[in-house]
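Here chain A shows up in two complexes: once beside chain B, once beside chain C.
== the complex of A and B ==
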C-alpha cells in the first residue's frame, strides 16, 4: 500500500510540469495552488467529520458519517424515490417558472410601453411585492387548488424579477433607435419587434436568471408548506420526521447541485446573448 | 412649478384607481355571495378583524415576537457576514481558502436548510434565529466583500502615504468608501430575514405573525390570513423605507446618478 503510494507520488512528481500545464486554465499557472487552497477548508472539515464519526464522538442521528450518506443515497436511488421526487420538483419548478415569467414578461412590457398603465399599475404592484413570499402559502392552501397552488406559489416569486428587469430594459431602450424607427415609419408592431424587444432582451434575460433561481428556492418551500404532492422538499420533510439525517443531507446536496446547474446554464445563456449588449455599448 | 405639483397629484390619484376598484369589486362579490366566505372575504371585514386583533393586543404581541427573532437573527448573520466579507476582501489568500466553501453552501436554496436545522436545533427559538442568520449572512457577505474590494487603489496609497495604522485605515478609508455597498447588503439582509422569519413561523411556531397567518388558515378565517399578509407586507416595507432614509442621511455624498 505504502510502496504503491510512493510510486504514485514519484510519477506525479516526475510529471509535475505536464500536470501543472494540464490543470492551468488559459495560462493561469497559479490555478493549481488556488484550487489546493480552496479545498483546504472543506477537506479539513471532511477529515474531522470522518474521524469523529469513526470514533463515535458525534451522535449518528445528528451527524451521519460520510459512509451513511453514501449508503442512504444508494438506498433511495435504488428504490427510485429519489429520482421520482427530484423529477417532480423540477417539473413543478418549470411550470411555475414558465407561468410566472410569461406573466411577468407581459406585465413588464406593458408597463414599459404605456405611461398610463405604468401609473395605473405600478403602485399596486409595488404594494403586493412587499409581501414576503412565504406569506402567500397559507392563502393558497386555503384556496385549495392542489398542485395548482404550489405552481402559483412559485409563479408569484418568479414573476417579480422578470417584471422589474423587462420594465427596466424597455425604459432604457435608446431614444435614437426609436427615432430611427420613426424615420422608417415603423408601425407599433414593427417598433415592438424590431426595436424594443431586441434591445430590452438582455435585461429580460437577467430577470429570467434571477427568476429561475428564486423558483428553485421556492419549490422547496412550497413542498414543505404545502405537502402531499411529492417532490424533493417533501422527501426532506419526511426524512426529518423519521430522523433520517443521512437522507436529509443527500437531499440538500441534490437540491444544491440542481440549483447550481440551472444557474450555470442561465448564466451561459446570458453570456451568449450579451454579445448583443456588447455591440450596443461599443456603438456608443 | 405649479403644474409639476399638479401632475404629481394626478399620478398618485391614478395609482389609487386599481385598489379602489378592487375593494369595490370584492365588496360586491361578497354581497352577491358568489364564492364561499372562506375564500373571498369582504375588505371591510378584514379591517374589522384588524382593529379587533389590535385592540386585544394579540397582533402587537405576535409582531413583537417576530421582530425580536428577526433582529437577533439579522444581527448575528449580518455581523458574521460583515466580518467574513472584510477578511476576505483584505486578504486574497483567505478569500481563496474560504470562498469555495461558502459559495458551495450558498448554492443550497435557503428553505432547504429548514429540515436540517430543525433536526439539529429542534423547533425552538435557536432554530429560527440560526435560520434567519443564514439568510442574512450571504447578502451581507457578498456586498461587504464587493464594497471593500472595490475601494480605489489610490485611496489606499494616500492612506499609506499618511502612514495610517490598519485600524485607522479600516475606520477612515475602507468603511466610508464601502458604505454604499454595505447599505445595499444591510437592506438585502434585513429583507431576507423578514421573509425567512415568516417562513420559519409557518412550519414551526406557537406565536409570531407567520403563525398568525397559519392559525387563520387552520380556523378557515380568511380575514385573519389577509390581516397577517397585509401587516407582514407593510412592516417589511416600513423597514425598507427606514433604511433608505438612514442611507440618504448617512451617505449624502453618494447619490445615484438618476437623482442628480
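== the complex of A and C ==
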C-alpha cells in the first residue's frame, strides 16, 4: 500500500511540469492569485452566512450555522456511509454518462452525416427532447426497478447535449477540408476518420462536458425519484426527513464540490484536445 | 522530355446556376499544355481562374467541352493531379508532417515516413515537422501545402495564387523555390497569379484571361533563358508586353484618364 503510494507520488513529482501545465487555468498567472480570485466570492458568502447565523438572523431550526455544518462533516466522515454514498453516485453517474454520451455521439454523427436520416429522425428527436426528464421516471420504473432505471434516467439527460454538439460539429466541418479529401481520393471511411471526426471533435467535447455536468445534477434527482439504491441524493433526502439540515447542507456542499471537480477536468480536457481551435481565445 | 503530364482543354464552358439565374463563368476555353511546362494564368478577380483549376483538378464535373489528361478524359479527381488551394487548407489539428503525409495511402509506415521527410526537405521545412499550422508563417504554410500536394507524385500540379498572401521579398524567394521544385520534380505546373513579374519569372507561357464571361484573351510565350533576371532589358520588355495586353482589353478607360 505504502510502496504503491510512494510510486504514485514519484510519478506525480516527475511529471510535475506536465501536470501543472495541464491544470493551469489560463496563461501563466501566479497560482495563489488565481486561487484568491476563485475563492473571493465563496469566501464572502461564507462570512455573510457566519455573521447571519451568529446574529440569529437565520433561524437555527431551518438553516444550520457554519459550525453545525463543520460538525456535520466530522460526523459523516467518521461514519463511512457518506463516502460510500458519494462513491455510489459517482459510479452511477459515470455509467449513465458513458451510456448516454456514447449513444448521443452515434446519433449525432449519424444525423450529421446523412441528410436522409437527419430529415427522418430530427423531428422525433426534437419532440422527445421536450419531455421533461422527471416525466420519464414512471416509464423507467416499468422497465426496471433496480439500478438500471436510475442509470437510464441519467443516460437520457446525458445524451441530448452530445447529440446536439456532435451534430453541430459535423455540420460545421468546412467544405474546404472535405475538398482536400476529394483531391486525395479519400473513401468514406478515410473521410470520416481523417476529416470529419477530428474536425468536429472539439464540438463533441463541449457536448461531453455539458453532458457530464447534467448527469451529475440528474443523479441526485434520480436517487430521489427512484429510491433505495443508495447514493448522495438519497442520503440528502433522508437527512431532510430526519430534519438534519446540517447534514443536508453537508451533502449539498459535497455535491457542488464533486460537480466542480468534474467540470474542471472536462474543461481541461476540452482545452487539451481542441488547442488548435482555442489558440485564439488563449492568446488574449 | 517527359511524356506524361500533357493537358488539353477544348471548348470548355462552365455555367453556375444561382437562384434560377445562369452565370456564364467560362466561355469556350481552349488550352493545351505540354508535359513539363510551366503555365501561368493571369486575369482580373472573378474572371474564372479558380473555376478553371477546379475543373481541371476534377472538383467540378458539370461543364461543357473536353478536358484530356495524356489523352484520357477526366473523371473526377485523381492522384495524378495535385492542387495547392488559394488558402492553403492545411488541417489545423495536424502537425506539419502529418499534414504532408495526409494524402499518402497504400504505403508502409517506413515508406511513408521517407516520403514525408523528402518532401519536408524539398520545401525547406526541416525542423518544423512537429509544428502546427497556427505556428507557421504564411509562406511556411504555403510551402507545407505545396509539399502535401506533391507526395503522390502528380503529373500536373495546379497552384491557385500560392504566393498571394506573401510580402514581396518572401515572394521572390519563393519564386526561386518553386522553380527549383518544378525542375526537380519534372512536372507540369499551372499557376494562377495576379503578379505579372511572378508569371514572367516562372512561366513558359502566360495565359491572359478576360472577364464576364471568362475567356482566353491571349497566350503569350516567354522565350527568356532561365534563371531569369528581373533587371534585364528583355524581362522589362516582356513585362511591358503583358501589361499592354491587360490595359488594352480590360480597362480601356485608363488610356484617356490622364
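In the analysis below, the second predicted complex is superposed on the first by the 216 of 284 C-alpha atoms of A that agree within 3 Å, B and C clash if a C-alpha of one lies under 4 Å from a C-alpha of the other, contacts with A are read in each partner's own complex, and residues count from 1 in each chain.
Keep in mind that, in the parts below, contacts are C-beta pairs under 8 Å (C-beta built on N, C-alpha and C of every residue); 3 or more make two chains touch, one makes a residue touch a chain.
What you see is a predicted model, and the numbers here were worked out from it, not measured in a lab.
Peer 1: In the superposition on chain A, see if there is space for chain B and chain C together, and answer fit or clash.
Peer 2: Fit - chain B and chain C, as placed by superposing on chain A, sit side by side.
Peer 1: Which partner does A:34 reach: the first (chain B), the second (chain C), both, or neither?
Peer 2: In the superposed model, A:34 contacts chain B only, not chain C.
Peer 1: Could you let me know whether more residues of chain A are touched by chain B or by chain C?
Peer 2: B
Peer 1: Per the contact definition in the header, classify A:59: touching chain B only (first), chain C only (second), both, or neither.
Peer 2: Neither partner.
Peer 1: Go through the superposed model and pick first if A:141 touches only chain B, second if only chain C, both, or neither.
Peer 2: After superposition on chain A, A:141 lies in contact with chain B alone.
Peer 1: Is A:124 touching anything from chain B or chain C once the two structures are fitted on A? First, second, both or neither.
Peer 2: The answer is first: A:124 touches chain B but not chain C.
Peer 1: Identify the partner contact of A:217: answer first if only chain B is touched, second if only chain C is, both if each is, neither if none is.
Peer 2: A:217 contacts chain B only, not chain C.
Peer 1: Going by the contact rule set out at the top, does A:172 touch chain B (first), chain C (second), both, or neither?
Peer 2: neither
Peer 1: In the overlaid three-chain picture, which partner chain does A:182 touch, first (chain B) or second (chain C), both, or neither?
Peer 2: A:182: touches chain C, not chain B.
Peer 1: Quick one: is A:248 in contact with chain B, with chain C, with both, or with neither? Answer first, second, both or neither.
Peer 2: So A:248 only meets chain B here.
Peer 1: Quick check on the superposed model: minimum Cα to Cα separation from chain B to chain C, whole Å please.
Peer 2: So the smallest C-alpha gap separating chain B from chain C comes to 9 Å.
Peer 1: Show which residues of chain A both chain B and chain C reach, each in its own complex.
Peer 2: On chain A, the chain B and chain C contacts do not overlap at all.
Peer 1: Can you list the residues on chain C that touch chain A in the complex?
Peer 2: Those in contact with chain A are residues 57-59, 76-79, 81-83, 85, 87, 89, 91-94, 102-103, 105, 132-134, 149, 152.
Peer 1: Which of the residues in chain B end up touching chain A in this complex?
Peer 2: On the chain B side, the touching residues are 11, 14-19, 22, 38-39, 93, 96-101, 104, 107-116, 118-120, 194-196, 198-199, 202-203, 210, 213-214, 216-217, 220, 222, 225-226, 228-230, 232-234, 236-237, 240.
Peer 1: Residue numbers of chain A touching chain C in their complex, please.
Peer 2: Interface residues on chain A, with respect to chain C: 176-177, 179-180, 182-185, 190, 194-195, 198-199, 201, 275-277, 279.
Peer 1: What residues of chain A sit close enough to touch chain B in their complex?
Peer 2: 34, 37-42, 45, 61-62, 116, 119-124, 127-128, 130-139, 141-143, 216-221, 224-225, 233, 236-237, 239-240, 243, 245, 248-249, 251-252, 255-257, 259-260, 263
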